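Two complexes are shown next, each including subunit A; its partner changes from subunit B in the first to subunit C in the second.
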Partner chain A sequence: MQDLLRRYGTGLTSVFCLLVAFWILVLIVLPNFAMFEQSFRPYLPVVEVGGPKDVYSFANYSKILDNGFESTIFGIPVTLPIHVLTFLDTVFFSALVTFFTLVFAYPLAYYLAKIASPRSIPTLLLLLFIPMWVSEALRAFAWYVILTFNGPLNAALKGLGIIEESIRWQNGIFTSYDAIVIVLTYCYVLFMLFPIYTAITSLDTNQIEAAEDLGSPWWRTHWRVVIPHAKPGIASGCVMVFMLSAGSLLVPTVVGSTKANWFPQTIYTWFNDALDWNTGAAYSMIFLLACIVFVILMMRLFRVKLSDIAK
Partner chain B sequence: MSRNRAILGHLYFALFVLYLLVPLAVMAGAAFNDSKLPTIAPWKGFTWAWFGDLWADQTLWGAFLNSILVALAVVALAVPIGTAAAIVLNSISGKYRATLYGFMVAPVLAPGLVIGISTVLFWNQLGRSTGADDFFLFGRGLHLAILGQVSYIAAYVMLLVLARLQSFDPGLEEAALDLGANHGQVLRRILLPHLYPAILASAAIAFFQSIENFNVTLFTKANETTLTVYVFSQVRSGITPKINALAFLLIVLTLALALIYEMKRRRRARIEAEREAEARRAEEAMLI
Partner chain C sequence: MSAGIDLDNVCCDFGTFRAVDNANVSIKPGEFFSFLGPSGCGKTTILRMVSGFIEPTQGAIRIGGKDMRGQRPNQRPTALIFQNLALFPLMPIWENISFGLEVRGVDKATRRKKAEELLALVDLPGAADKMISQLSGGQKQRVAIARALAVEPQVMLLDEPLSALDLKLRQHMRAELRAIQKRTGVTFIYITHDQGEALAMSDRVGVMSQGRIQQIAEPRDIYDNPVNGFVASFVGENNIFEGSLGPVADGMAALTGPHGSFRARIRPEAEGKPLKLYVRPEHTKLAPTKGSENSVEVEVTEVAFEGAFISVHGHAAGGKAISAEVRNDGVTPVPALGDKVYATFDAARALLLPDANVRG
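On to the complex of A and B.
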């Protein structure tokens, strides 16, 4: 701080500090505090706000436990509150999306970092970047066009004689979340690719060659040399993809079936259709807490710091 | 062995690019199908009609303009905030730095809808507690979308500028001060010129992040919408291939920009290679 004052004087230093304070306080801390505070208040008509009914309680949070719903988890029948079920589904299928993107992106990241010729890299990266510039809404819409009942996928498969009847892809084959998983994987796979690519680039190729010269089979070279080195990139990619998937509202709404509920959709319904902002706040607090727990878990699991993840 | 692997790699890359591009091509193709539903099969004949529809859609162009304005406002706020944050962060160390850094990058990882909801609730409450409920600034609207977006986009700016600051030599500022420059001059003539590449890059990123943004905008907007939200609402409520026509135009624009960028890069690379070759020849000539 002394250093700043000496270099830029009182005036400029206070401008810097004011900008930072505005950001941290007005845009980050106070809004989250407001959400926290409002989530404990009941949803009341304007005239009753501040009245005798306006007391703090956990009522909004306990709404997530309402409405038991018969369901099965891995074949075991259970009765779960419907919103809890939605929450668990969201977490599970987001994890699945994260896994798929990792499996798709890792070989490609390795190819870009170590196999492709360095001179062609800028061109290859540009090719990969093109879909990123097309907005997410349109990318989801592209899959809507493909998966729709009378769409090209059914037509192509029927033309090839693979299937006889059109399939309702949006209702899913394995689970009702198939379409959501497919499209989320498509939308976010590049968020997995780039951190891993950056991490592998910094690995000295001699290490890979040394492992190979010493007789290590390819899978062990990856398992013991490349993957440990790429760990911060993998952690970063996993956190990004999981967060984006679990927080996506657009993709589930555009391609999801009516049976597939995503937790952000539940929050949006409270917020926008029921106009119950307080319960919406309570639900997003739950969601936020889950996200924080996930990030901390990943940091522990991969033994990385926050500064490694947010790059 | 390693040649096989390289071929496998090329193949995988080609398949991957195909996987990324085919859905976009299908979507763009449907813009020319004379069918009420956006699809390429069955093909009912070629038409330009959807582009006419697109042109006539006033709401869409309004939303497009809104997107640009919001993005410009986000750039105008996020770039100074992020730059100031990087400078402040760079000048402190230890425990406070880690805490401050944590606060700054947290919104990047936070889900967009949480940012949106918390922003709306905060300004709403502020309006209520100051008794100015009806004052437009406290209600939902695009101005709150701007503030919500700035809260996490500023972090991208901060990260980029902070990285650039690592290569800055503070001795230059010392020298300028010793030679009698005032504080404003030190900032304007010494520090900022060094940071400009990072600031420009972060401004571009901030602009596109804002255009792309969906979650924050959906929760904070009132009646006025941005392009992404408009496309979303169109897709949800019975779509026409008008959106495909829009997608086609955007994809063509993207491809054109990518092509120009690639050609410029190649020309630069060629000039550099020639220069290097010349230098090498000159060196060899000297040795002889």
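On to the complex of A and C.
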């Protein structure tokens, strides 16, 4: 602050501070607070707003527990409220997307940071970035085309003799969420790649060589030297990919099967189709809190501190 | 356990650049051998070839008589101490030291015990549970040595490990390294650009320049009997005279140049090459009268007091710089600035040497 004042003077410094305060307060805190407040009020005709029926309650929140639905989780039959089921599916498959992006991104990040020759790096990064120049909506539709029943993927696989019959990818082979997982992994893999790439770049190559010199096979060098060093990058990549995947509305809408429900779609339905903003707000609050709790639990499990991610 | 290392006609090319050219060395088991040379002379490349990070383009490297071609660093009986040490900052010290044992599947209790033993050996008892960041430069040095010793290597390779330390600590660690080497009996290959370090610690020294090994000899021989001008200049100061060479007799020859005629020793293998005369400042005596031979008149331009000796610089005719060292023993007279004196040296102390051995 002292530094800012000395460099830019009182005028500019107060402009900076006011702009930041405006951004945080007016664009983040107030809307969220308004949603938070709305979420406790019932959805009423306009004339009754502020009337005797307009009282705070948890009624909107408890709606998530309505409508029991019979399904199976890992082969065990359970009866769960339909929206809770959607929520669990969303968290589970987002975690799966996070895992897949990690599996793809880590070797690639290591290759870019330590193996690729410095001269080829700009070209490789450009190649990685080009798909990101296209909007997410278009990429999702491109995948829709790729995965359709008479689409290029089936044609290619049949042409190569790998499959005999076309596969309904959007209905899924393993689960009805296959297409969503594939496309989300594709869309968010770079959000995993770059934090890990940055983290591994800062690792002294001598440490990798020292481990090898002491007799370490490659996998142990990664396990004991590279991964611990890259852990903050891996953690921030995981948090980003998980939150983006869980919060994605577009990808599940475009490529999701009729049987695949993503929680943001449920929220969207409350807001847009039911026009019940109050319940939509309540669902949003539940989703936000639950995802934060899930991330914190995962960070505890993998012994990552918040200060590591901030780096 | 220690092993000898043989380099047979080892060459290493990076693209069109030849980093190491035809290196031949035979290092004995248990020897403390140093490669000495300026940066870029190829000494680190030799070290990386021995440890297995680089494969030689030509030639063979044998450790304990076994050809190392195709062996990865983790398969060789060597341990490398990196210039920046490359300790693992996220592991406590005992895990750093016992990492090599962990790799070999040694159980935790044994590893811990071994780490404690090695910490005692390098004089750092009780540091097992500290982190690397809590140690000073000299202590990190010791941990790096302990980590390398833990795998019981037959050969220790050290890549200028003392260069980051301050002078006092460096001198202390020199003695320490030497003592550890004697205690363990492991073959040490030491890389340095510091001639004092190489001469003080080593059993033998290999002096390198531009990818070539110029001379391999005991430290004293390197200093007193350098084989060429590069070695003579790299390990110490010299007064150099140019001129034309007279006939050789009994290993002595005369060199006649603009400053007179000087007699000096000549090696049989140096005959026929263009030669210069090299004599060290400490063998150059200053006297008010002309000596019987090898004497040149000098005007004193600088007298620098160095403590144990006084460094005197002057110009001979034609502006040629001559230096001499006068012992600060209270007896030898010290010339004053502007004095005209005679610089005289013993013919047995002067050498006629060719330039460095480079690829032509």
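Definition applied: the second predicted complex is superposed on the first by the 278 of 311 C-alpha atoms of A that agree within 3 Å, B and C clash if a C-alpha of one lies under 4 Å from a C-alpha of the other, contacts with A are read in each partner's own complex, and residues count from 1 in each chain.
To be clear about the criterion, contacts are C-beta pairs under 8 Å (C-beta built on N, C-alpha and C of every residue); 3 or more make two chains touch, one makes a residue touch a chain.
Everything quoted here is computed from the prediction, not taken from an experiment.
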Task: Look at where subunit B and subunit C land on subunit A after superposing the complexes, then choose clash or fit.
output: fit
- prompt: Does subunit B (first) or subunit C (second) touch A:Val295, or do both, or does neither?
  reply: first
- prompt: Just subunit B (first), just subunit C (second), both, or neither: which does A:Asp204 touch?
  reply: second
Task: Would you check which partner chain A:Leu30 touches, where first means subunit B only, second means subunit C only, and both and neither mean what they say?
output: first
Message: If we overlay the two complexes on their shared chain A, which of subunit B and subunit C does A:Thr258 touch? Say first, second, both or neither.
response: neither
Message: Looking at A:Thr79, would you say it contacts subunit B, subunit C, both, or neither? Reply first, second, both or neither.
response: neither
Subunit C versus subunit B, contacts on subunit A by residue: B
- line: Across the superposed arrangement, the tightest C-alpha approach of subunit B to subunit C, in Å, is 7
- request: Would you mind writing out the residues of subunit A in touch with subunit B in their complex?
  value: 1, 3-4, 6-9, 11-12, 15-17, 19-20, 22-24, 27-35, 37-38, 49, 104, 107-108, 111-112, 115-116, 122-124, 126-131, 133-146, 148, 150-152, 155-156, 186, 218, 239, 243, 246-250, 253-254, 264, 267-268, 271-272, 277, 280-281, 284, 287-288, 291, 295, 306-307, 309-311
Task: Note which residues of subunit A are touching subunit C in the complex, please.
output: 204, 206-207, 209-217, 220, 224-225, 228-229
Message: Residue numbers of subunit B touching subunit A in their complex, please.
response: 5-6, 9-10, 12-13, 16-17, 19-21, 23-24, 26-27, 30, 37-42, 80-81, 84-85, 87-88, 91-92, 100-115, 117-122, 124-125, 128, 147-148, 150-151, 154-155, 159, 170, 173, 177, 182-184, 186-187, 208, 211-212, 214-215, 218-219, 227-228, 231-232, 235-236, 239, 243-244, 246-247, 250-251, 254-255, 257-258, 261-262, 265
Task: Report the residues of subunit C in contact with subunit A in the complex, numbered from low to high.
output: 51-53, 72-75, 78-80, 82-84, 86-88, 90-91, 99-100, 102-104, 147-148, 151
